[in-house]
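The structures considered in this document are given below.
In the two complexes that follow, chain A is the common piece, with chain B as its partner first and chain C second.
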Partner chain A sequence: MSVPVRRRTAAVVGGVAAALLLAACGSSSSSSGTSGSPAASNTDPACADYAAYGSHPGTTVSLFTSILPPEQQKYETAWKQFESCTGITVKYEGSNSFESQLPTRVAGGNAPDIALIPQPGLLAQMVKTGAVKAPPQAVSDNVDKYWNPQWKTYGTVNGTFYAAPNSANMKSFVWYSPSLFKAKGYTVPTTWDQLWTLSDKMAADGIKPWCGGVGSGTATGWLATDWLEETVLRQSGGDVYDKWISHDIKFDSPEITKAMDTLAGWMKNDKYVNAGIGNVASIATTTFQNGGKPILDSKCGMYQQASFYAAQWPSFKASVKIAADGDVFAFYLPSIDPSKKAVEGGGEFVAAFADRPEVQSFQTFLSSPLYADIKVKEGGWVSANNGVPLTDYTDDISKLSAQYLTDPNALFRFDASDLMPAAVGSGAEWTQLTAWFAENKPTKDVLDAIDAAWPSS
Partner chain B sequence: MSVETGGLTAKLEEAVVAAPDHGGMSTALRRNLSSPWASALVIFITILWTIPTFGLLVTSLRPAADANSTGWWTAFTNPNFTLSNYSEVLNGGNTIPGGIAPYFINSFVISIPAALIPLTLALMAAYALAWVPFRYSTAVFLAIFALQVVPLQMALLPLLQMFNKGWTIGNIPIIPPIKDTPLHLLAASGGANFAPLWIAHTMFALPLAIFLLHNFISQLPKDLFEAARVDGASHFLIFRKLVLPLSVPAIASFAIFQFLWVWNDLLVGLTFAGGTADVAPITVYLSNIQGTYGAALHLTTAGAFIAILVPLAVFFALQRFFVRGLLAGSVKG
Partner chain C sequence: MTTGYKLFLTVAVPCLFFATLLVVFWLASKTKARFQTPLARLIFLGPAAVLLFIGLVIPALQTFWKGFLNDDSTKWIGLKNYGWIFTTPDNRTFLINTLLWIIITPIFSTALGLTLALLLDRMKRESLPKSLIFMPMAISFVGASIIWNLVYSYKDPSVSPNQTGLLSAIMIRLGLSDPPNWILWQPWNNFLLMVIMIWIQTGFAMVVLSAAIKAIPTDVTEAAMLDGASGWSLFSKVTVPMIRGTLVVVLTTIAIGVLKVFDIVRTMTGGNFGTQVLANEMYAQSFVQFNYGRGSALAVVLFIAVVPLIVYNIVQLRKEQSIR
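What follows is the complex of A and B.
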């Protein structure tokens, strides 16, 4: 439980300098941090890059996130230099009940200074409470400059920009085994049609082409929503996708029904699934973590799953090599219309619940290419910030993800279920799609049930 | 509260059933319980109930790759055991920041006062309700007892608001926020404070504590109190010289229960303390070392077995009080 007395004292003491610094942060990144107190650390040459973030000795910024160890240490390393140059201490707190804890703490008057929110829907809910503070202009400028414009809309609520993106993950990937492909003479498909030709060919060779699992504890079914979203975005395009999110296009509409039919011919196809695991219904009972395991055993051809699945492979085989010539790798799930490169992604957004100068300084840092570049070089982390050179990525899968996420011509869309109301996006859609796999519930009933769960207001 | 009450009720029943030497049990029941069939059934159920815990123990001894890819029972056909999970949880390692030690200490700092404070208050309240005649004392007792039906989850948010913002009616402050009270002096260097946890646990424990202790204290022989009063003893003296020594079994059993409940609590700890090493209890640490995608099963199980040591030690050391105190407090004679 943080007691804000100390913070308040610190804020009063540093009041004048703080106001000046705020202006410094706000104007542009070119202004040096001379308005801050003349801390010795600022003369350190390693701090030259951090001058814009000012000097706030003795201050603390609390950060609340759903990201837990071992990723936590990488984050803490990424802003170590920032901490020593600005004098700010960042207090990291991760929780795997983040989504329920954050609203409780905000309502209870115990909000963290900064939260990394993975769902734009949750961000909007937090903005509604009035507790989220708009970021300084520098953050907005950074996002305009370095991100695909689509990203900014996800951090914007009712026309006001609140939160810059943090990490990004690339959802439009298909995991496969390069060694199996090589042994069988398969080539990575680059068009939608090739993907199905390849699937049929694998099936004819006696290898079931697709495996998967949507189990994820209380979140069982989320992966199925990704499959549906990928299909909708490819078949019907961005406009339909956006209207689907706002429920101007219902689940029980020709477009979504068509996508469900396509998905039925893909992940509910007896000839295609569930390779190395069981029948179609086993998709509902297999965890998403274990869904791709048969690929390593050459029992399964492909698994449609996001870039972060890379973290899962070493738990099956410690020495796994994730590369185009390794044990496993991923290719881009091809678009139907080759001129529109459909890319679905997810990520977290940096929302601030305080506007003290040190919080704004840290918030600005998190939106900078400087931070993203340090974080990227640590590996296993992708930013859609195009200020990071692709060559700085240390692993192939992150590099490939970034290549698609930073592509200014891509038809980029955020995970739709994270944007829909929670009753649907993390409720009915999960459970109904799970029933679709587990009980073979008719498509029409599934779609109607999801529509019925849409909140009326 | 519902969880606690449910657990307690179950334990009460267990304790009653498991105490064949108690005079209140009917001989028929005793005979039935000691038949070989009943023994076999009890052994079977015990084994069945122990299997999951045993599985956790085996998992905690397996290397990460094994634990994540195959079931624990395969460890017997393909034995591959290691203590590295324990050393990683104790010392910190590649995948987790810092060891379990600070959280272990936090859990003690939370649990001991959170058991002693409600115990003290409840003892005094129970005595007053049982032996100090005043108007509406039965109504007060019933009202306190009825508070048990309030689910803990419902009180989390209002309590959190009260701790952080205080409570005012109109413009009149009724309860100040913790930062404006002397309690903020208890805060650690990072501003973290255990006080909200102690207060919250005390509040949630009091109704049941008063109920249990009242039942026990009200059953003490009336003659003792009358004799003491004839000799001119004050309420305080009676409380100190009569009630406290005679209530030791009930005191001990409630203290154990409350300590274990607080030790194992995650929800209250997570809500009022957060997840930083300054104040977070061991349960929060356990839930966090699972990792973002819940993949670190080998570490969680090892951590759980370290955390389990304390409840086990407490239980075995004070087992004697456990059964006796509960029976004494619960079975009306």
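What follows is the complex of A and C.
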């Protein structure tokens, strides 16, 4: 899901204006690092790990992304050593309207060398223009070696592999308050049935178990699509999930209808929701950022939200402790079938619009465990690259995310709405599910309307 | 790019620009007398015409053309996009809402503005209340929407007794124990959004109409008063006919602004809860769902809808000017 990536960094909009201004002036002052004397530095022992990336003194690679400061600085630090060893200067450019600017730039012949694309759908759209260049074999080999095979399919369009994953986020989390659980004697559920036993128990104790909010400006409804996806993946498995994405299984099918009914008994159940906020319809008017706030006030038991929600807690309480013995933490949303550990995730993909040697060198570096490990050690960043030891993660929630994302036995799937055509995945599915919550629109009408919006060609 | 180079550019570019202008003017002055008038027209109008062509005419034609193409503009699909606009059942919401916005908002803003202009006309120190009422004009639509979002914000009174939303708080004080979640309160939520636009535009209507009222010659009103007109008859038979032209201009100007309204809807509801309007749907189709065909078709519909208003507006303005 692209939106949270954008939202979570939206607080720092000022920087973009400045970046755009600089970009407009053709300045390169936003780039980091100077090339120094690359030929000499290649003999530097610190450069031993970077020998494979060659020497490209005086070259520049431009990078375009939706990731804004302060994350930008962390990225630039992560490849500083790469820059000084290879002589490549990476020119970073972030924009909070990345999704609409990238197609315009590509159409105008002004494509960046590398773009970090948050949705596979947008990647496919870019490949269709013919501007995306296939990566060198080394990237493909890295992805084969270090990622769950599912990831490679999301970077593949019409049978050709184009883009390696960058960061990843873990969607199958339930946020809760360890202190409330301790005070009330609740235990973290490890099976699907335990989850509902616990929900009923909380309801009987007078605490509504679930809270939520799907509000997100024009993207209102995206969180509801995640809830539906989690349910479909657990109930019907990976095959149905994949066929659902390709529309071989329609929204108005027994499988999806069943998932909607389950979701209705969960997030539309007035015994369960909307804890600390109001009635069922208030889910539609509460922003996803504020959806979990009642957990800190012990007014709500649980909130199903992705790993990146960790960034939200400090805005409610500056001293918040995110740990298994802290104020808030997350547990894995259990699978129905314990033998198939269903994990839903999201992330960005590294697409190249040029195949100059320095671009391919940087692209290969970005798919390496060397880069992922440096980035992970900076904290607050998760990679599904299993070449990164779990012990290198600096915070508990990132470590827990990586544990599930790199599990070779997990039934991993990418966010379905990001893989569907934009008319559905960024359109009808959002608005119709929002109407399902806000107006109690009948399930059948909701599903029919989404099917009707599926592009015919 | 070094600072020195940048400084050089800041100085050199304007210098070069003026030098070119000087050369052009000097050359023009050397031409024969009978070429001078057409040449002067060309020199003064030419650049503006070229820029207008590049910046306005070509994109407009492109939009018109793309309205007949598919989502990524690779295939001709004829009138399908227009068919989609007018035949999809869910689209009825934004068509009806846009119509409601166009009718209700200009009428209410103008009526309120006229009432205030009349009431304030004979007040001492009228500039103070006038500037206060005009103030919302200075706030952007997005800013205004954020303010009103707080006014309409809702908390279940049984969950939290302290209300953030002003409207809910007032209603509870007045004895309504369970106010609705205003933003979800269909179809009235549309009117709650229009209130924001009216709040902004009333000041504009008031200022323009107040100026028009002050421009009515006193001999006309005095003559009417001598003939026995007063109060309502003076207002309806003298004041309104005398400012009729201005009234029409104010109404159409607000109507044009309303057709473009998308910031309020986008900020308040994102087009959900039955409040979608044409301009916001156009944005969503073009830049969220990347269906440039439908987005362009919607833009053309918007353009066609706004043309008669603009023509009428200009005709009225011309009439006004010819009277003076």
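As a working rule, the second predicted complex is superposed on the first by the 419 of 457 C-alpha atoms of A that agree within 3 Å, B and C clash if a C-alpha of one lies under 4 Å from a C-alpha of the other, contacts with A are read in each partner's own complex, and residues count from 1 in each chain.
Convention: a residue touches a chain if its C-beta (ideal position, glycine included) is under 8 Å from a C-beta of that chain, and two chains touch if they have at least 3 such contacts.
Being a predicted model, the structure only gives us computed values, none of them experimental.
Aligning the two structures on chain A places chain B and chain C in clashing positions.
In the superposed model, A:A281 makes contact with chain C only, not with chain B.
Judged by the touch definition given at the top, the superposed model places A:S315 against chain B, while chain C stays out of reach. Applying the stated contact rule after C-alpha superposition, one finds that A:G217 touches each of chain B and chain C. When the two structures are aligned on the shared chain, A:Q360 is found in touch with neither chain B nor chain C.
Shared-chain residue A:S55: touches no atom of chain B or chain C. Comparing the two complexes, residues 217 of chain A contact chain B in one case and chain C in the other.
Within the complex formed with chain B, the chain A residues making contact are 1-7, 60, 66-73, 76, 91-97, 101, 104-105, 107-110, 217, 289, 293, 308, 311-312, 314-318. Every residue of chain B that touches chain A in the complex is listed here, in rising order: 64-65, 68-69, 94-97, 156-157, 160-161, 163-165, 178-179, 184, 187, 190-193, 195-197, 270-276, 279, 284, 287-295.
Looking at the complex, you find that chain A touches chain C at residues 25-29, 99-100, 103, 125, 128, 215-221, 276-279, 281-282, 284-285, 299, 422-423, 426-427, 431, 434-435, 438-439, 449, 452, 455, 457.
Note for the complex: chain C touches chain A at residues 1, 6, 70-72, 75, 88, 90, 154-156, 159-160, 181, 183-184, 186, 266-267, 269-274, 283-284, 287-291.
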